[in-house]
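The two complexes that follow have chain A in common; it is paired with chain B in the first and with chain C in the second.
Let's look at the complex of A and B:
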């Protein structure tokens, strides 16, 4: 059901596209003027698309263009900008903090992948096999996503209190563990952030997997069962192949998302202790806003542009390399 | 997080990020730095500083540009020669607000999250002001100076017309033309020429005009301590520590007997580097030296190492610093007011916000001098200036000076105003009489204190360890060039020492020094 519904919009789009084609072909014979264009619905199409174009253009595309331009400038946004060529890029690339930030960001992405990728999948598989109160589990899984990120972080900051009477330390103390320093420990800080980030984001992914799982026809499982497949075999040979397309997309989205991690290190640790959670986005932020006198917007945008370029290349490579197995 | 005061501290630092004007800034600041601020006055004869450049009635509506041009020609060399116009602002003077012109003035108000009493006190003050100036409508906006939000507000043009900045930000904001030349307006105030020149110089442009006006929270860093925890630990709250060894012993006693942190240190959002600089100065070191307009990072000095070793000993040998090592200005105040911290260092006037936002029990509060040891040791000092956005209209600027006079300054020179303001504060149970350093002369400040003496409700007798000595101490300014970057370079070092037992202080400081130097060089790139 769910799958069928998700298929509908593309079908509609296709219908629109094909309906449009003969119309244009017919017009071509007659030298279509603006009037014909209007009569054929060109104007109303434009009017309908306009809000989208304006909003996207103004809030997305224009800022992107500006950022690229700014990465070659020095400006404090008050006085006229001056062109500095590749200066900003050179400055950023020689920043001794950059390798640290790259390493930390990669570490975060890796941990998030190891912890954050399988957990939602596991939850979704379990939830899809539950027969009663499905809605309740969905709500429970999705609840953390509804909590505003800032609130969630402040809440967890409280949990992570490093003293023996902190929430987590108290709980772990019952089984004789701890107390741990959590955010005040250079080695525990990053895993602590990943734990919270996973908790906060898992719900969204679970819903996506659930939707895909519901689309797997029950007959396939029945057939597998008849063939003598156990639970594990069913998951591995039936469920996983059906989820392949979705997994493929969530994987690259997760990478792109985690590489741009910001809220957690910003609110939990400010990059500390001792740069243990300094990430690339935090660096960009600090370049731009870390100093009260107007930051180095050139360096900030230069690093942003480089990050965007790397992620774009990574995405293209990923799609190329996996082109064969993404087709289900 | 907090307030503008924080800023003072941390920020003072700030200033220099962009460096442009640093030359003037750094040399002036350095000179001033080595002299006690209160001794201050015009030690630097060549500085046009305090001299009041003339106001002219010629200034057009865009008075900022005009006025500054004029004074730069006239005012620079000839300090004393303030023009006659200055002394008699005629009604036709466009810099004086026509009482019939209606003006709405946006100004900074309290810290976000202030208690209802504090909000009421400010509202009363605004009402009083509007009664005096019926044509001006004042709108207050919650404001907490933070390096991060300030930069965004500044870039986005969303600051209130009158806002507060730390001493160290003035020169760069002036060079970037981000704040208005207030000289022609300041001249309308009777006490315009009586500022402590060492304090005034932070807000003066290259032409000697005053752009940012010293307004409040002129401070030296002090050692704040919890008297109740002292008592519980068997220490005498009337004999606070006077050396770092005594601080260490007291911290150990408090941690051992009460389970709370004996001593806590800020280490986040720029405050870590700021406080390490405080600790360095207190031992006689400096984190940056200035030679003409060339600044050199010197953070890998013996005194900074000693300060870090001190923290390391408290943290790892004595375990007397508790379990939280993520404090910044606001959160350490909160923890202190909640009785979780025995001692910490911060600006001397932090008491006001401990009351306004953290509900501290006054009986538990104690303030003493930060221990000064070694040659050249001194107390890091700073303060807060009021500035007006560069885009303000001349009516707004004229209204702004009235508010700056009324809200910040008049009380120091006018007995009636001092008493009236103190009464408003007192009625709402706001702190009256929190010790500051003099914005005008030292005698003037003493006189001011005598006016409000009967109304003082802060426990001054619990602060004598500080107030008896601060005026004789050497005040040292924050590093003049790339201040915030120098702090940012030091911060991970503080965090490493507090969170990693095996932190290699020498290596960390060498690393920080090259980062700081890189930032200093970049400030002038």
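Let's look at the complex of A and C:
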């Protein structure tokens, strides 16, 4: 057994070799028959790849293909699917709820950006200058991230109680503010959602920035100091430019994430009051699984495919734009 | 001229710092030099800011959790009337026992553990074996599979929701519906491109010579995997494990869709539906119980969490 194996060419050498002769790559292994293929480790490789191929095949690749197909079909679970062309897209685009949902989703993403983008950055830069018990700061900042979102939302829902005895209203009452209606006020509902979402997510971004800040080589600061740079100068002209790459990424990732907000509107308000927190994902959910409508899988996939396409176009444009910025 | 090179090597450097040495928190030096620190103005301002920051983190970051812990043992009437008073009418330990026994949180708790353990196992299995194929064995078709795996990173999760649901409802080949079985949660959890990429990148960083030496000594792929690659990958296995476990503990929408039978639902699915007909104090105790395991895991494995969270940025970037 051992002798046979030592004759086996190492797999990565093989990979290098095939890269050198791409034309023959397909036939080279199989030409000498299945037995050689097995002895060369083809079978065991396949065994190792099996979990990945099966799980991704069934639960990722196939559903992705199916999403595109289904958006052109009318599917209900009883009758076989029929092709309906662009009907689903037309139906979704003319749904009177869609403009509301788009506006609310954009509003949520914008608010989340305004509140949620500068705060972690500020926290991380300040935390990076802490000398003692740095770990404690990180642990405290990250703690809300590990709290299950459902628990966080249900707890905050209680905090947002609109009566004068609600937790937040009590606190604000100490300084003579309120009481506010929070979730049952059409104008305050969305900011309330954003506040909770920012609380839940900011810690993760802080840690990403901290890791990037640690990656800033000390010599860069040394050099700036030789040139007589003060603290502010160092933060603004050394730290920030060094973080630029990470900031670009977290910016677009945050938009992609917040546009797909679901748990907050679903559990806090269910889209209310007066549709003030109706979002795109809530619409998708209602098309497919909602109690009164529901079962309209075609419309749900059409809307999700459109959302994904918009996000993809947005990301591409964004990276085009930022690529030209980073060159200058 | 040196900067671009630095930026290119930063992710692996970050990984080494994060996982090998076990601490992701000590860097070269920050923007504040020792000289800056010696200036009294800087010392006072920064020191003051750090103190304010600490207080804010405790009040805003941890405050809600502390309040939840307090509510869990406060009589319902006090929670409603004076939520911020400190136990005006004593402590109600009964909230916890009622939640655990009468509301059957114990059962949903076990369901959650079971869901999380299964998801953890499937994710680890797929990520380690998949990463092994893509990084170490490298068959000819690895490049294609790798590209397909990475491509799924760019597909927003929402696109998968409905087709994945229908796949689980009527799976091809298997024939029997997975709805109301834990497989419906466990198996899709394994299709995490992030885990596979993370694992493959870590395997890439292992010294090839050791693999070669093992092969020369007659180790087949299974020996190589079990006795060499896995033992050398403990740091990344730890990171993927804690994140897999916690993510599954936090998951809500998917388990709600596929686990319709209340008896098998995990906490996150069950909590919103029991909210209305449960006594407030008992309900908040149930929330506190649901938070306990993730928070304890985080406190216990904070280095893995924090280095992993930083790593997330490095891989995405």
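FYI, the second predicted complex is superposed on the first by the 263 of 328 C-alpha atoms of A that agree within 3 Å, B and C clash if a C-alpha of one lies under 4 Å from a C-alpha of the other, contacts with A are read in each partner's own complex, and residues count from 1 in each chain.
The criterion applied here is as follows: contacts are C-beta pairs under 8 Å (C-beta built on N, C-alpha and C of every residue); 3 or more make two chains touch, one makes a residue touch a chain.
These figures come from a predicted structure and were not determined experimentally.
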Partner chain in contact with A:181 - chain B first, chain C second, else both or neither: first
Partner chain(s) touched by A:305 [first = chain B, second = chain C, both, neither]: second
Partner chain in contact with A:262 - chain B first, chain C second, else both or neither: second
Partner, of chain C and chain B, that touches more residues belonging to chain A: C
First, second, both or neither for A:289, with chain B first and chain C second: both
Partner chain in contact with A:272 - chain B first, chain C second, else both or neither: first
Touched partner set for A:76, first chain B, second chain C, both or neither: first
Touching partner for A:170 - first (chain B), second (chain C), both, neither: second
Set of chain A residues, in rising order, touched by both chain B and chain C: 77, 166, 285, 288-289, 297
Chain C partner contacts - residues on chain A that touch it in the complex: 1-2, 5-6, 8, 10-12, 14-15, 18, 25-26, 29, 41-42, 44-45, 48-53, 55-56, 58-64, 66-67, 70, 75, 77, 123, 125-131, 134-152, 154-156, 158-159, 165-167, 170-171, 199, 203-204, 207-218, 221-222, 225, 231, 234-235, 238-239, 245-246, 249-250, 253, 256, 260, 262-263, 266-267, 281, 284-285, 288-289, 297, 300-301, 304-305, 307-308, 311-312
Contact set on chain A toward chain B in their complex: 76-79, 87, 91, 95-97, 161-164, 166, 179, 181, 183-186, 269-270, 272-275, 285-286, 288-297
Footprint of chain A on chain B - complex, ascending: 7, 11, 14-18, 145-152, 154-155, 165-166, 169, 172-173, 176-178, 267-269, 322-326, 328, 390, 484-485, 488, 491-493, 495-496, 498-500, 503, 511, 514-515, 518, 522, 525
Chain A-facing residues of chain C, complex: 6-7, 10, 13-14, 17-18, 23-33, 35-37, 42, 46, 49-50, 53-54, 57-58, 60-62, 64-65, 67-68, 80-84, 122, 125-126, 129-130, 132-133, 136-140, 142, 145, 148-149, 152, 154-167, 169, 171-172, 187-188, 190-191, 193, 196, 208, 211-212, 215-216, 218-222, 225, 246, 249-250, 252-253, 257, 267-269, 271-272, 275, 280, 284, 287, 290-291, 294-295, 297-299, 302, 305-307, 309-314, 316-317
